[in-house]
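You will see two complexes here that share chain A, one where it goes with chain B and one where it goes with chain C.
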Partner chain A sequence: MSTKEIRPKGENFVWFTGMGLALGLLMVFALLAVIFVNGITVFWPKEIVEVRLKEGSDAEIQGAEAFAGYISIDRHVNDIRPGKVEQKRELQFFVGNKDVYGFMYKFVDYDQIESMGPTPGIIELERLEYGDAIGYPVSLTLKDGTKISVGDENFEKEFEEFFKAAQDRRKEIRHLEKKVIGRINHKMTQLQVKKRTLERKHGDEAAQAMSSYIKYDDEIAELQVDYDKLAAEAKALRQEQHDIQFTYRLATGQEQSLPMGELTGYYYPDRLGFFGKITFFVSHLWDFVSENPREANTEGGIFPAIFGTFVMTLLMSIAVMPFGVLAAIYLREYAKQGAFVRAIRIAINNLAGVPSIVYGVFGLGFFVYVLGGTIDDLFFSSRLPTPTFGTGGILWAALTLALMTVPVVVVATEEALSAVPRGMREASLACGASKWQTIQRIVIPAAAPGMLTGLVLAMARGAGEVAPLMLVGVVKLAPALPIDGIFPYVHLERKFMHLGFHIYDLGFQSPDSEAAKPMVFATTLLLIVLVVLLNLSAIIIRNKLKKRYKVGAF
Partner chain B sequence: MVETNKAATSPAISSDSTDPQYIQVKDNYGFWYGDTKVLHDLNMDIPKKKVTAFIGPSGCGKSTLLRNFNRMNDLVEGTHHSGDIVIGGRSIYDPKLEVISLRKRIGMVFQKYNPFPKTIYENIVYSLRIAGRSKKSHLDDVVERSLRGAALWDEVKDRVHDSALGLSGGQMQRLCIARAIANEPEVLLMDEPCSALDPIATGKIEELIHTLKDEYTIVIVTHNMQQATRVSDYTAFFYLGKLIEYNDTETVFMNPKEEQTEAYVSGRFG
Partner chain C sequence: MNQKFKLITSIGLAAGLAFSASAKVDPDLPNYEPVSGVSGNLNSIGSDTLNNMMTLWAEGFQAIYPNVNIQIEGKGSSTAPPALIEGTSQLGPMSRAMKSKEVDAFEKEFGYKPTQVGVAIDALAVFLNKDNPTESLTLEQVDSMFSSTFKRGGTPIARWGQLGVTGSLADRPISLYGRNSASGTYGFFKKVALEGGDFSPRVKEQPGSSAVVQGVASDISGAGYSGIGYKTSGVKAVQLNEVEPTAENCINGDYPLARTLYVYVNKEPNQDLDKLTYEFLRYVLSKQGQEVVAKDGYYPLPAPVSAQILKSIQ
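Here is the complex of A and B:
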């Protein structure tokens, strides 16, 4: 018997279908792997080498034939130089020291390199500005001019102490400026608004004569005194940050000095053991998720973007869930099934296919200008012409996305409702329950897992959406979080940062795209993790409900 | 045909029944699903506190009639009827009568056990809760009385607050009976209550029906001829939407007057 005879007909198609799945999985896993590997290695410490160039090489930096850095890209490219046919190997180095060199990354042809060697004692400095600096420590200069040079046995200990003191001072400054002064500012603004309300109501002169107006003025003056005192305090602290200078020598020879207050972190790359590397990784990852961004978002962390995405998605869920579920209940349970309901259902399904930017435009036109403008006129007229709700904000963004994702919730809820067994409804009705009681006590609990599936899908779509947000409230850098300690704690009118927009901004709007690249990968990884976490929590809730309402017997 | 119907209207009711005309299907009752007439010219009286079995082949309309007693067929769109059904002296189609209050008077047990995905306790007190009664001592009493009434108390008394879905099939069906009698209805409708159960569970339900008829008027639809003989006092045979024969059970099975009945009960068709 030949193999041809024993093989059942149609088996080839199994292979075809399997190939379809394999291709899909391959693409998904490749994408995830690229993002994961690139995103996670951002925080892993790199090995720094000292590169010595061949004599007369055109790759030198400011005349020096040696520099230090780590390899960020190692690749083979087609040689475009005349007369060359083979591929050439080229390396991209992260060299840092942007303040001196004017760039942070440098491509060098491999055949230009004489040698790459170790860099004992080199230090990598993480700074508030200009990114990292790489160099050899030279000395510390104290305020009174005393120098502690690197040969001194106390040097490293002193260095660490000064660094810690500067860190503490920075925290203090931030606390003063953001929290304490922020609160005073907030109070003063409110008093100003009250003053203006009086002026609007009674006319400028009459208002200025009123006792409450004068009281407001006094209060403002008092606050101003506090403000001046605190501002002076902060200024003094800032001044202190510059008292101690750290001098280091670049591998290219220049000596540079940096005030300790500019330093946010440092490490000796050649001294990191395995555990040192792990500590480095964890602390940098933590900084990334917990810090505010710096340097046009290319440095620092992305905490406000995580927080903004999270709050926005939460608000969207709160808005979309009741809205979609109620619509679906009416459509499925009460509306007379006919051509009209079918047409509505088709319209809802079509809404899911409308490009998201259209929702953005609608959100801007309707929510921001019409609704927000009306709210401003009615409740915040004393602040006009500065808009409060009449400009993009997290509430309008959440509502716009809720509108966009409502079809998902409606469709999923309708399916869940129709999957509730008829027997259960009949049992309830036969017990003397009204239709609404049946829906409320039997149908909705039984359909809850399906409704949550809809919410999971809506959240996944909403959290990853960027285009409409650009029109209704997302910003590159938000001055304050949408939830904070100042009354009324939740500020729905505030603009916010969003991970998706952050990725776009870093990748395409950043002045230094090379410097932003690692951040793009890390942010993308984080967005994916956030979406997965949101989904996972919804799935866990759903499974718990499913277990509770498991219907084994229908 | 009319002759047949007249003959079948009322079986020779034994004198021990307090109310031989407790449920009256009258005025040539007819029922339509859309344009299809499924029940034809029915006239029958069902006595109080007796078990009356409806038998007949599938599609003969017996379940439809049963489900009309508590107007469950209202859920189906496009139905209408002619004639009248009177239960306990009041027409179920009385426009002043609320369907909800009718259903509270008439308990129903379905073909497939359908407990709610709640605890045993909550299943039973469901009808009381929706009526707005929530006094705990009262609810506790109702749970115990109903479970005892459904011969389930001894099996579940220690776990009334566990999920009802953890019970066996037979227990679930008895729970549905307990739920149906929690409201102390006047009539208990059973739509093939044992068709999804094994013989042992079926035996328990049948035993239960025997004890329940002291309290309730029971109408049971069954496909199982032996069951009808075991549990019912009266039997009505339906065929193609018509009532062919209605008499006390012994007569219908041992000495049927109609040829069709004989053919059906002896297993020659259906």
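Here is the complex of A and C:
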């Protein structure tokens, strides 16, 4: 028998669909793999080599023919020099020490390199400013001028102790400045606003004579005394951070010194064993997700962006669910099904296709300028011209995205409602329940899993959206979180950071695009993880609900 | 060249300040001394060239005043005037001077002109790929590459060979990268380098200055313009009219594409700026603030200029 006869008709198309699926999966996994590999290797320690250049090479750094760094790119490119046809190999090194060199990355043609060798004893210093420094330790200079040089047997122990002391001091400074002084400042601002309110109401001179005005002044003076004391304390601590200087020698020959307080971390790259590398990886990953960004977002962590994305998505879900569900219930259960309702349904479906930036423009015009401006005029007039709600903020951003995702919820909820068996409704009505009781007790619980599917889709779309947010409240740097420990705890008017915008900002607007590149991948990876987590939790809730109402669904 | 810049040029010359190529901060600049009672919210909306510097300033300012909130948006200089007029921001960073139309719109709303505060000096550099052998271009050549109107009188230049490059690059078309039209960098380059002419449609418009540099770094036949602060290891800044884009050349006015970067504020005449905004600007114009400028790759102001600018907002 020939193969033609064995195979049933249409079998080829089964293979065809299989191929489509395989292709789709391949693309998804390839993309995820690229992001995952590039994002995860950011935190893995790199091997530092000392590069010796050939004599007379033009790749030297400040006249030195040797430098230290790790290889960040190793590639072959077309050689455009006259008379060359083959490709040339070029290496890009991370050399750090931006304060000395003026750059952190350097391209060197492979044929310029004499040798690349190990770097025993080299130390990589993670600093608050100017990125990493790479050099050989030389000595520690204490406050009284005594020197501990690297030859001393307890040098490394002392170094670690001073480093830890400086870390603790930094924590103390942060606590003092952010929490304690922060609270005083907040109180003072409140009093100032109260004073201005009085001035507006009664005129400057009349207000100044009022007893409550004088009381405010006294309170402010009292707070000022406290502030001065604490500020002096913080300043003294900051000064102490500069007491101990660490001197190191760069591979290019210069000696540099760094106050211990500027150090955020250090390690000896040539001494890290496998477990050392794992520890390094975990601690750096943790720093990345838990710390504030530094140096125009090219250093430090992205905690405010993660938190901002999370809070914004949550607010959006809270706003979108009631509206979407109520609209869908009316449309499906109460409205008279006719041409008008069909038209509305078509309109809702079309809304889902409106470009997101249009929602952003609407949000800016309506929420920010009209609603926000009115709120400011009515309730925050004493703070004007500084806008409170009349400028982009997390509330307006969440509402704009809620508007954008409402069609998704409406469509999903309608589908879920129509899937509830007719028998269930009729049974309920036959028992004497009213229409609303039926909807409330029978239909909505049975349709809940479907509604949650709508929410999952809405959240996925909302968390990944950037374009409209740029108009209604996302910023490059907003170190104050939308939720914190100062009354009223939730600050809906604040601008916020967002992972999606962070990726855009790092990718296109960063001052040092080379330093930002690894951060782009790491941030993308985190955004994907966050969206997956949000979706997973919604799916888990949905499955629990499904189980709960399975019995009731005959 | 605009007025403020001429001012800087003249004072810079008069003071006879010597500047090295590595953009040293003038040691005569005043140290910033913190004052008490500074807190509140600052909003900044405007230039993307100044975006990173604003962020760095904000970080430094917040280290001094822990409870000041500074929020920064940077999507292009053209977004600064509307934000100032709407009152949605107190600071309007711009990489070019306001156009008379924008000043008029502001005046119509408030009855007085916005106050211009010069905060740093920038050299707009023409970047080529690091492997490109070209070291120097004339402004006429730049106009011939980037424009479609050739107001400087040159003839179209489309291939590297026309600029004297030999080897395999000679036959390749020049691949142009530029900024989008909301950008002050776009406006300044158009006004000064192209003498008000139009860009060639072959210029690929990028959403940020860093994207321009990345484009040139990854494209061997690429050429683009953006602020000197965005330079990376993959590109090089060429000489223009045989002048290097160094701090010295920018201050004495030799480099043709030097410009002042501004922060605009809404200050009523004969009235003090609010304390927070004033202290922020005082910080920016101090030694600490100008060190940030140098760190970000731009050129700091000389001390006499900074003092004069500070006086104008008191």
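Here is the rule we go by: the second predicted complex is superposed on the first by the 543 of 554 C-alpha atoms of A that agree within 3 Å, B and C clash if a C-alpha of one lies under 4 Å from a C-alpha of the other, contacts with A are read in each partner's own complex, and residues count from 1 in each chain.
Everything that follows uses one rule, which is that contacts are C-beta pairs under 8 Å (C-beta built on N, C-alpha and C of every residue); 3 or more make two chains touch, one makes a residue touch a chain.
Please read these numbers as outputs of a predicted model, since none were measured by experiment.
K.L.:
With the two structures overlaid on chain A, would chain B and chain C clash, or do they fit side by side?
P.N.:
fit
K.L.:
For A:A231, select first, second, both or neither according to whether it touches chain B, chain C, the two together, or no partner.
P.N.:
In the superposition, A:A231 touches chain C alone.
K.L.:
I'd like to know which partner A:C431 touches here: chain B for first, chain C for second, both or neither.
P.N.:
first
K.L.:
Could you tell me if A:E295 is touching chain B, chain C, both of them or neither one (first, second, both, neither)?
P.N.:
Only chain C is touched by A:E295; chain B is not.
K.L.:
Touch check for A:G182: first (chain B), second (chain C), both, or neither?
P.N.:
A:G182: touches chain C, not chain B.
K.L.:
Touching A:P421 in the superposition: chain B (first), chain C (second), both, neither?
P.N.:
first
K.L.:
By the touch definition at the top of the document, which applies to A:A446: first (chain B), second (chain C), both, or neither?
P.N.:
In the superposition, A:A446 touches chain B alone.
K.L.:
After superposing on chain A, what angle in degrees do the C-alpha centres of chain B and chain C form at the C-alpha centre of chain A, to the nearest 10?
P.N.:
Angle at the centre of chain A: 140 degrees.
K.L.:
Determine the nearest approach in Å between the Cα atoms of chain B and those of chain C after overlaying the two structures.
P.N.:
Checking C-alpha atoms only, chain B sits 51 Å from chain C at its nearest point.
K.L.:
Across the two complexes, find the residues of chain A that touch chain B and also touch chain C.
P.N.:
Shared contact residues on chain A (touching chain B in one complex, chain C in the other): none at all.
K.L.:
For chain C, which residues are in contact with chain A within the complex?
P.N.:
22, 34, 36-37, 39-41, 43, 48, 51-53, 55-56, 58-59, 62, 65-67, 69-75, 86-90, 130-133, 166-169, 206-211, 213-214, 217, 220, 229-234, 266, 274, 295-297
K.L.:
Report the residues of chain A in contact with chain C in the complex, numbered from low to high.
P.N.:
Touch residues, chain A against chain C: 77-85, 92, 102-103, 105-107, 129-130, 177-178, 181-182, 185-186, 188-189, 224, 227-228, 231, 234, 294-297, 368-369, 384-387, 390-392, 470, 475-480, 494-495, 507-514, 516.
K.L.:
Write out the stretch or stretches of chain B touching chain A in their complex.
P.N.:
70, 72, 75, 100-101, 103-104, 107-108, 110, 112-117, 126-127, 129-131, 163, 165, 169, 172, 176, 179-180, 183
K.L.:
In their shared complex, at which residues does chain A touch chain B?
P.N.:
Of all residues in chain A, those touching chain B are 421, 423-424, 426-434, 437, 441-442, 445-446, 548-554.
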